[in-house]
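Next come two complexes built around chain A: one with chain B, the other with chain C.
Entry: the complex of A and B
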């Protein structure tokens, strides 16, 4: 009898000892961060789904649950509710922006890849716009692109003899958004590509030289393929961040002209805080969230399988 | 092939190489000038007179002398210093909160042993996929329930924790050899002591990098303040400048945009100082973040 009790207590203490007091303190370390993450990320996203099933318009204090009414609105009126258009605008902006910064980022990395003081200085000048915020960049370019007094039109007139209204023509305004955002981002991409290039082992180049490869072969057969993980990293992070563009559209064009630069976040903001249709804005936000989630998961899947170079 | 021929070939090759390097330098300088141009144009515009602003062909340097009074006018037109102090206050609050919660959590996840650790860490990573641009409506409702609309607390709360920072610091804390921690423990260091005297000093550059990213984000933050801020007392600089712009219609009152550019330039001074202080560390830090 005594024996049995003894083994039991021993087992119990052993089980208890699996986690010590130290371990409990370690757990306490993650509690504040977890609590804040639950409050600032998970609670709001859950609440967003809930709001999308109500008919709340922020002016009324009360609201009812109306099931899928808002979702029905989204689908039934897709031709006139601007959500789809706005999504296309955002995608155009994102794809244009990504193409420019990835290609030029890589090109400039190759161009500036010389380890002298002068080149280091020029690299940091090209990187400098990265520190200028999106809203500030928009302000600077408002002056440059002004139709009557801006330098852009003065140059264009001197060269081609025409003046254009940079920010009042729909597709041109979107293009200018891409240009401004790219001005800020190319230097960053260049820098990441440069460090990616430095991460490529010298052995590959030496082997290629021995085999008599020329400069172009080395570029296309070694440097570029081995930079695939870098491209993927830049692609994934910058795709997500350019889909979320807001400040640029707000400061530069306020979504105009005629909604030509009304990106998705701008639309959600307007629906919620200008039109007070919180319920419908929530539906659009949920769609946007699901889109971003799927895009992220897909690219993560690709990165696990396809890009697996030892660089 | 004679020796002469060989010599000539190598001479041609050398000339070709030199030409290539020369072209590279020229193109690089041109590209640099293009990238610097908008910043130069801001400086140039900020020093022009009102009259010169509306000349049809803008001059490359201020033609009517340097009008430094634009900077004084900028400070008189809007409470820019107040805006900058507001931004600094919010940024520092954010930094302190993110660093304290982030370093602790990174320690817990990197070095701790407790049930559901992987699950809880996945929860942290999942938060990376829930951007503020999606959750701002419920967040605004939460803040208004707390009665924090138009307050510093409301500005700081959504960015009081950074999953990105936890992720980055955890990576670094995991790479520190266990023997250092054991040595610290033998010397009687508790958890906080270990973090303060062993982990943070050893991961100095990563901590500096994530802190720098937080400061830049805080200084440039536009989206959330735009929703929450209504009064000058808490308005951050990015929002204040955009307000200044919308106060002056861009086709009719363009002559005031020199003052706007002066204001923008002043708002960049803290950024330039940070850049100068942190240049080397920053560039390598960014690359490290990408290489992980």
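Entry: the complex of A and C
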């Protein structure tokens, strides 16, 4: 009996060793990729956190550790440091942008979800702006929306006899940012939704139709629920990328007028490269990072419970 | 396996932090460069060892400039080639980084990385004092003394802009200097019955009413940019940044000017150009006859003459409470980054000496449409005759050149003006209450000026 147990134990140990060795070899295979990620993603984050405790300004050859001074600055000058204002501007932009691209992206996907050549062409047309870089788009729209010689006002004047100061009115400037970003991103969302729709089994639709479901019921009871993982994916990725908007604010409005479009990444950039306060920029960047992390974790947490992955 | 990866990740993160920590300690123990207490030591060394600033072995240095214009680039390349051919030890390699913003970014990135700095760089003149305050630029007095730099021949106002408050050290040499000047649509003025180009602020205000009445357009406009706003406000009687340590925003002259200008804007007589396309807008407004006078840079004098299909005149500025009127140093300056090896710095200064020779200054001023930085060029009648024959508008501008002064010398001027310009825009166009917006701006600017 003891011999049998010993033999089994030895076999289990050998198997365990074999797996350990295999695991170790597999681990070695991912080490280069892991090292690259650590070096390019995690190390900068860790270093950012460290910089927030220094008085480094990038142009000074030396710096010292100043403890919580920069964090204290964030709190002490809360009323005039514009960080919160900037955060609100970013949030408004993100909500507006996401609302447009998710709703219209889905609507266009529903519209173009037919595999004919004509619709394929239409899909390409909608997707085309995605190839235009954000800076280029911003530059083109700066000309289009110019109050004096822009084509938008020329058309408006010809039709209604009015001129609008698109980029010099705070609310309008932010709206224009949202519209331009959405014009560029909508094709991408449409495409992702389309691929999500292609993944939904035809059986569900056939069964629903046999049961006498109408188009509205099919949309709300089958398509949308089964597109929930796609919506979640788009929601999370677009939320993060919208919160990080920079090029549009830089080229189109330079954060103006009167800080109305000063989004958080633009604020961080100006703090670091115009004011040379890298230390404070690091504090704001760390806060921003933590906010994004929490927001993403919360979303993922909700998605685990609410999103249907059965499609 | 997960535990193993977690441990590995933690270890690498901790290692990263530790490595950074130890490196920094070493850096932090280095004495700060270019601070005031270091300067006398350098001067003493220079006096004792003039050879310290000589180039003794063959060396190659980089020279970064900001000029995208082909003519200017070609001139600089010729100068580099001529310098390289004129001696055996120093080879200069030119690199162009168009515009001051990208130049700032690349310089600070190289400074932060601790390598890749050029031997010589052209930067935006107001940045010189910001860099100097942080020890990034080399103080040049010792080099000037050792190399026989003809300091007295350089425009005093422009050179003063290269010295921090309370210091005798020069941290840069002006190069490509221009300033805000006024361009007038004379045809429009004449059509309105105004025969003389307005010279004083009072005359501008009177002209504005007539132009509005007869032509229905605005008379005066300037950009919401440091170079122009500072000139307008300081000519109005006070510097809003005060002594550079405490703001003087509620100075009666400034308050009065702000309210007058707001009245003019509301009456459709004036404009404060804002936005990313403000420069295009002011030029379009002027060339299309929608604006009688624009405050713009002196360096576009030829372009204004060429593009205006009406009679155009220039003046050094608009005389207001400050009499005679002033204009602040704008444009570029050459700096020698302090973090380079001594031999690199010596070679850079030798090249700078060559660039700023009388012949080169005269030639560059014509090519670059910039002020001659040397008095000997300014006093050279043959040079002036040529320049005025080529562009007659230069005469009025050059007549005011003794009025070129340094900008406010706080190293935080760019940051402070960002707040100031924002407050001006809010008051002029966004319906903000003056006292509220101005008080908030003053509070923020004082914090900035205090280094906070």
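The rule is simple: the second predicted complex is superposed on the first by the 274 of 311 C-alpha atoms of A that agree within 3 Å, B and C clash if a C-alpha of one lies under 4 Å from a C-alpha of the other, contacts with A are read in each partner's own complex, and residues count from 1 in each chain.
Heads up, the rule we're going with is that a contact is a pair of C-beta atoms (placed from the backbone, for glycine too) under 8 Å apart; a residue touches a chain by one contact, two chains touch by 3 or more.
Quick caveat: nothing in here was measured; it's all calculated off a predicted structure.
Steric overlap between chain B and chain C is present once the structures are superposed on chain A. When the two structures are aligned on the shared chain, A:259 is found in touch with chain C, with no touch to chain B. In the superposition on chain A, contact of A:191 is made with chain B only, not with chain C. Once the two complexes are laid over each other on the shared chain, residue contacts for A:299 go to neither chain B nor chain C.
Using the contact criterion defined above for the overlaid structures, shared-chain residue A:274 touches chain C, although it does not reach chain B. Contacts of A:80 after superposition on the shared chain: chain C is touched, whereas chain B is not.
Of the two partner chains placed by the overlay, neither chain B nor chain C lies in contact with A:69.
Applying the stated contact rule after C-alpha superposition, one finds that A:108 touches chain B and leaves chain C untouched.
Of the two partners chain B and chain C, more residues of chain A are touched by B. Across the two superposed structures, the residue set of chain A contacted by chain B and also by chain C is 23, 27, 34, 42-43, 47, 142-143, 146-149, 251, 273.
Residues 24-25, 27-29, 31-32, 35-36, 38-39, 41-42, 45, 53-58, 100-102, 104-105, 107-109, 111-115, 120, 123-124, 126-127, 129-131, 133-142, 157-161, 163, 166, 190-191, 216, 219-220, 222-223, 226-227, 238-239, 241-242, 245, 250-251, 254, 257, 260-261, 264, 267-268, 271-272, 275, 279, 283, 286-288, 290-291 of chain B are the ones that touch chain A when the two sit in their complex. Contact residues on chain A toward chain C in their complex (touch as defined above): 23, 27, 34, 38, 42-43, 46-47, 50, 54, 57-65, 73, 77, 80, 142-143, 146-149, 167-168, 170, 251-254, 256-259, 270, 273-276.
For chain A in complex with chain B, the residues that touch the partner chain are 19, 22-30, 32-34, 36-37, 39-45, 47-48, 51, 108, 111-112, 114, 118-119, 122, 124-129, 131-144, 146-151, 154, 183, 186-188, 191-192, 194-196, 199, 230, 233-234, 240, 244, 246-247, 250-251, 265, 268-269, 272-273, 278, 281-282, 285, 288-289, 292-293, 296. For chain C in complex with chain A, the residues that touch the partner chain are 1, 4-5, 8-9, 12-13, 16-17, 20-21, 24, 27-28, 30-33, 104-105, 108, 111-112, 130-131, 134-136, 274-277, 280-281, 284-285, 290, 338-339, 412, 414-415, 418, 422, 425-426, 429-430, 440, 443-444, 447-448, 452.
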